[in-house]
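In structure tokens below, several structures.
Shared between the two complexes below is subunit A, which pairs with subunit B and subunit C, respectively.
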Partner chain A sequence: MLTQQMLSGLASGFIYALLALGFAAVYRSMRVINFAQGDLFMTGAFVGLFLAKNLQLPFLAVLLLTGLILLAFGMVFERFVLAPASSHTPEVHAMIRTVGLSVVLQGVAIITWGTEEYRFPQLLSSASVSLYSISIPVNLLFVAGTSVILLGSLVIFLRHTQLGLSMRAASQNRLGAEVVGINVSLARSFAFGLSASLAGIAGVLIAPLWYVHYSMGVMMGLKGFTAAVLGSLGSFPGAVIGGLTLGVIENLTAGYVSSVWKDAAVFAILIAVLTLRPQGILGLRYKERV
Partner chain B sequence: MNHSTQVSLRARLQLIALLAGFIVLPLLLNDRFFQHVLTTAFIYVVLILGLNTVIGLTGQVSLSQAALYGVGAYTSAILAKQISLPFPLSFALAVCVSASLGFLLSACVVKMRSHYLALATIGFGEILINVFRSAEKLTGGANGLSAIPAPRLGPWIIDTPLRYCYLALAVAIACYAGMFLITHSQLGNAFRAVRDNEFAASSLGLNTVRLKVLAFTLGAGYAGAAGALYAHLDGFIGPESFSTSQSILLFCVLVVGGLGHPLGSLIGALLFVIGQEFFRAFSHYQLLLFGSTVIIVMVFAPQGIAGLLRSMLGQGSDAAKNPLQGATWNPNGFKAVPSGPTEILSSDTSALAYKNQRESPVLVIKDLVVRYGGLIAVNDVSFNVISGEILCLIGPNGAGKTTLLNVIGGQQQPAQGSVMLNLSGTSAASEKEFSVIGLQPHNLARVGLARTFQTSQLFSELSTVENVLVGQYLHRKTRTSLLTILFLPWIAVKKDTEAREEAEKWLRFTGLYDYRYQLAKHLPYGLRRALEIARCLATNPSILLLDEPSAGMSPSERKSLATLLRSISNLGTTLIIVAHDLDLVRSLGDHVVVLDHGKVIFDGSPQDLRDSEKVIDAYLGKRRTELQLAF
Partner chain C sequence: MDGPEPEVPGLQNRLQASQSKPRRMKTKTMKNIFKFISGALFVALVAIGACNSNTTPGQIQIGMLAPLTGNGASFGISQRDGVQLALDEINAKGGINGLKLELIVEDTKTEPPTAVTATNKLISQNKVPVIIGSAASLDVPAYMDLLEKAHVPQILPVAVLPKITEGDAKWTFRSAMNDKIAATKMAEFVVNELQAKKVAILLEDSAFGSTGMVFGERLEQLGVKPLTVEKFKRGDLDMSAQLIKIKNLGATHIQFWGYYADYAQIARQMKDLGVHAQLMGNQAPVTEKTIELGGEAVEGVIDICLFVPTSEDPKIKSFTDNFRAKYNRLPDTWAAQSYDGMYILAEALRQGGTDPQKIRDALAATKDFNGITGTITFNSKGDAEFRGTSVVVVRQGRFVPYKN
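After this line comes the complex of A and B, so read on.
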């Protein structure tokens, strides 16, 4: 029972981790909390639905294409909506623009798909693998596997590619990066695109397990943000650990305390953690310059 | 934004016109539907005014306003339904319960910053919503509460839309007036100071924790009032009206309307509610329209609609009318002060004074050690500061000067040693001698220790005179409490005027009077440094700590600075100056302490400084002969 709970906790934890990574990427590069993250997740699920149902594409292609589409969308949004005036207005304004995006995405979803719930075609087997006495659904394994691969490639991208390095440089010191010839605006656009893309992929990953609905992203956005802050906002390893911790805590509370009070319990723990350890569970401090 | 303490005639006229319009409007719209819409709009005005206190004035991003609104609604509804409490009482209790929850919330989150704060308030809201949904006996669970009785005020039952509209309008007017008074009071100024620069605010004696808790409590009280009004409007409430998404929407509405000024909240709330009703027919497009409006306003008018209107009407744009380009600080205001520049070089007398006062130290630093990891930044430093003297703290880069100043100013804790303040000669202190270490910055300012910083820490969105008013806020004599502002506003206005006159006196003294309405962020460098000093003087310090006050100043500004510092010293203030500028030290210092590698290598008068071999070695390197001997 306990192991089973922990395992399903880890699965939702990986989804939270993907969203949390998006929050971290945007926060690092522009000190903005991206309130649209949850709705980009929802958009990803709907784009995936369209690709899988209407175009009958295989699952991996759906995953990849959704990622690319959201990457492009995120970059365009950053370039034309967030970037103007970003340097001479407070971050709150950029934050509000992401809230605007979130509402617009929901609005577009309502116009295009209405307010019904959609079932995502099961592209993978719904069987379970039995290991000792624990049954693990294949879907779940796939979610975990894809997330791990994504995280790994993200680390390699940031550490070992030119664009990744310039993104890290731009996030640490904008002026310094500009002086040495880094295209900071491109790096920022890419960071936002990356975060949109991660959210979209998370949406496609979770869609076969859930129903697809225009407001499915609201709670997920909050959870992803919670995960990012739990692991200290701005840190990539923190985002992953925060996401997994949140998933496990949530499932354990639902299983052992009460499923009605699950959300309250999670947020109470969150407030307690923030009060006692304002740097996040890990105590990693992402340095901010005053 | 140019908030002036005195409300101008024009603003008053605008307000009266606005008021008259709102009173006549429900009668003109002789239609139940429109009256209902207007009622909802007034409720939102109250709700968003409350949010503006927290986010707009104090700069704390709080995302639990909708949940606190729900607390007010449920409280009033439950009280009215279950124990048939009359409306005025259930309304008052709703305000109290919401305000107490706001107080509780802020007590938990007050130390958190930006995103942590936003998240904690979201979490708090989610917990409350979970209670609304799950405590079925009390709140009706997901079905909500229905058949909430219509309010009864004495002989009148408020059961028609027109009557309800006037009830909501009365509450909205009261709330707007309260917020207007707060915004224009010294308290509002203190809130904005916390928003702009919390660090500097606490160094000027503002208890930032108390101010933030006050703002949260006030905002929650407003939410409670709005909630109570909402509960009895349709006789039905359900949990989905109070979700976090609603809180985030309210935040949007506030920012689109315009942060900081109550007018922005008014505009935002009215546009939001009326727009929502107007577009109800296109229900599918409602979200899209709302979202795009938010984005478009934020891109083209980041100051919000109120900000746009103000700049179109030419208010708050003094800076644009009065360009500061190339302005340098050239004070002539303190010519009236008896000491002229001629006295500055009369070093004989000051040296004498230095010897005479050796016995009455105002600050005793003993065996002070500060470590950064393995590095010892301040190593076993001891010296005394004599009351009324100008002490110059000099030394090469990295000698530990700023660290030492941070310890005295309460920004940093030493590993060992003591810093004792002895204010027996001055009136400010109740105790005779006490330790500075461990005192919070705002308490340090209250015992008479003020400081400036190496990089200027002004309240950038406040005007020059408002910056000085923040420094003055710690004086009880001219300060006004929230209750005075709300219930005895004429007394508050009178006190604010006095405080402003006092602040203007300091601006004259420092030669900044001509720039009193400029926003601090528009001031050129030299003026900023001068403003920092003026702000500190307003706290009426016994000891003033200055961290490289002359850095980056032009030669003429340096001269002005020396004159100003001498005048400040003549007021009886003890000055501790970290300096690089040796001319300043020679012309001004009564007492010089030289630090090198964290140690005191010289402690004496400026005359002896020139002959000290150690100091010459530290600055110029060892003499050649010695080096040769060493080989």
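After this line comes the complex of A and C, so read on.
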């Protein structure tokens, strides 16, 4: 039962990891916590629902297109709403604008789709693979597989492409990056777009296993944030480790302590990490910029 | 001297200024007058509207609160359609005491605050003498005190929450099945008919889901101790932890108490995880939405309700046919209960006219009303006495009566 519980926890863990990666990408490049992450996740699920149900596109195309649409949306939003936040505390201003985005996205979803639950076209049949008396749902394998592929491409992108490198450079030293001719504002826009895109893809990935609903992102956003903090806010490997740990802890709490404490455990951990080890599991420390 | 007047610099300007001042004042006064007139007109309109609503000749207005949008929409739409069908039939036969019935429908959006606003509107603006109450259980406790204060009776054909009739409300009558009765009867069915020995309980962590504990208590009285009571939050994504635990305890039956979306989600996760226990639910999942969200995973699940559209009883058959002719779909238990609710109300209106107090007294005296969902008698709490239930099972994407 222990292995089974842990394995099942990994499924939601991967989704938390994708959301946590989005938090990390935005935090690294602009020192902003993107409060709209959960609602971008929900928006992704609805965009995917539209593409899959109304346009009848195959799932892979839905996944890619949703990713691109949210990437474009995120970049435009950063360029025209977040970037102009120029006061002596631009981070705080930008953060409040992401709160605004979250409210707007939920409002738009309610106006367009109402507050009902929608079924996302089933992708794979409900089945499970048996391995030493542990049954592994096929759906879980799919979520895990796609997430791993996404993580791999993200690493390649950040290490081996011009844009990826300029993103990293811009986040490490903005002035220096500008001096050597890196387009910092593009890099920042792209970072926000990437975060939106990751959230949107996570939304499409989980939608066939759940249902699509205007408030589906609220709890997920909070858990993604907890995962990001748990791992170490701003670290990509930390986000993944944080997400997976969180998923497993949830299932172990519900399985061995009490199902009533499932969510409470998550937020108790958030509080504990923030007070005892604010730098997270991986313990990355960022120097405060002067 | 007849030359042109000497120009005084600035005079023109000053003159213009002194002229424009009264002009500006004039516009201000005009604006105020307009404001006053439009305000007065508004008051007059509201007054006329208010007078009108109660004294429309040849009509009785009935207020209806229904969750037409939001996550209670599937119940609200059934409520509206069931009531409308009964109302049309009554009007076609000449109405009540020569008066036609008119329905004023307000959408509660499945939000208690909206239900309160809508109730206020029906009471103070439309001045309806009676209300058909919301299908959303949690709407009702929010607004029912307003009806107690305004002395306007309501009939609840769909809302099942036990709490509604546990206070000392004098103006609320529930023709739906109190969820406690459903819980007790379901436990008796599980033990006596299904002969279940290993039962796990999975309920929503809320006032609504806690009625599932009544199921557990009755189960124990009948000699079957529930293996475990697991809980979940409404709208949770992942129920795997609870389901794996239940599977490991060797449960053959899982009794659910909650809301249809979570019911469908649990049914799907059971398939994913290879949990082969029999899933059983409360009244709330008896709706098309369960089948839409659950698909093939909800095939074979068992629930409890008051009405099944496949009965051969001529009265039920005629209702089912008429409903299908009008709405092009089969009625569910909520539509049938609402249809009955409208007829109970019609009976009360026949005796009470448009006087809320008399309608209330007539409703309270309802005894042995012979409807399509059974014989209805209100007890002193305003709750319908137990009148038999149906256990239903999903076969080929439809709720049909359970037969062994």
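Brief remarks follow.
Assume the second predicted complex is superposed on the first by the 281 of 290 C-alpha atoms of A that agree within 3 Å, B and C clash if a C-alpha of one lies under 4 Å from a C-alpha of the other, contacts with A are read in each partner's own complex, and residues count from 1 in each chain.
Simple rule for what comes next: a residue touches a chain if its C-beta (ideal position, glycine included) is under 8 Å from a C-beta of that chain, and two chains touch if they have at least 3 such contacts.
Being a predicted model, the structure only gives us computed values, none of them experimental.
Contacts of A:V260 after superposition: both subunit B and subunit C are touched.
Judged by the touch definition given at the top, the superposed model places A:R168 against neither subunit B nor subunit C.
Of the two partner chains, subunit B is the only one touched by A:S102; subunit C is not. In the superposition on chain A, A:R79 makes contact with neither subunit B nor subunit C. Contacts of A:K53 after superposition on the shared chain: neither subunit B nor subunit C is touched. When the two structures are aligned on the shared chain, A:Y27 is found in touch with subunit B, with no touch to subunit C. By the touch criterion stated above, A:S128 is placed in contact with subunit C alone, subunit B being left untouched. By the touch criterion defined above, A:V92 lies against subunit B but remains apart from subunit C after alignment on the C-alpha atoms of chain A.
For the contact definition in use here, the residues of subunit A common to its subunit B contact set and its subunit C contact set are 114, 260, 263. Against subunit A, the residues of subunit B that register as touching in their complex are 61, 108-109, 111-112, 115-116, 118-120, 122-124, 126-127, 130-131, 134, 199, 244-245, 248-249, 251-252, 255-256, 259, 284-295, 298-299, 302. Interface of subunit A with subunit C (complex): residues 1, 4-5, 8-9, 11-12, 114-117, 119, 122, 126-128, 130, 135, 137-140, 206, 209-211, 213, 215-216, 219-220, 250-255, 258-260, 262-263. Those residues of subunit A that touch subunit B in the shared complex are 27, 33, 35, 81, 84-85, 89, 92-93, 96-97, 99-108, 110-111, 114, 218, 222, 225-226, 229, 233, 260-261, 263-264, 267-268, 270-271, 274-275, 278, 290. Subunit C contributes residues 69-71, 73, 109-110, 205, 230-233, 235, 237-238, 240-242, 244-245, 248, 261, 264-265, 268, 271-274, 289, 292-293, 295-297 to its touches with subunit A in the complex.
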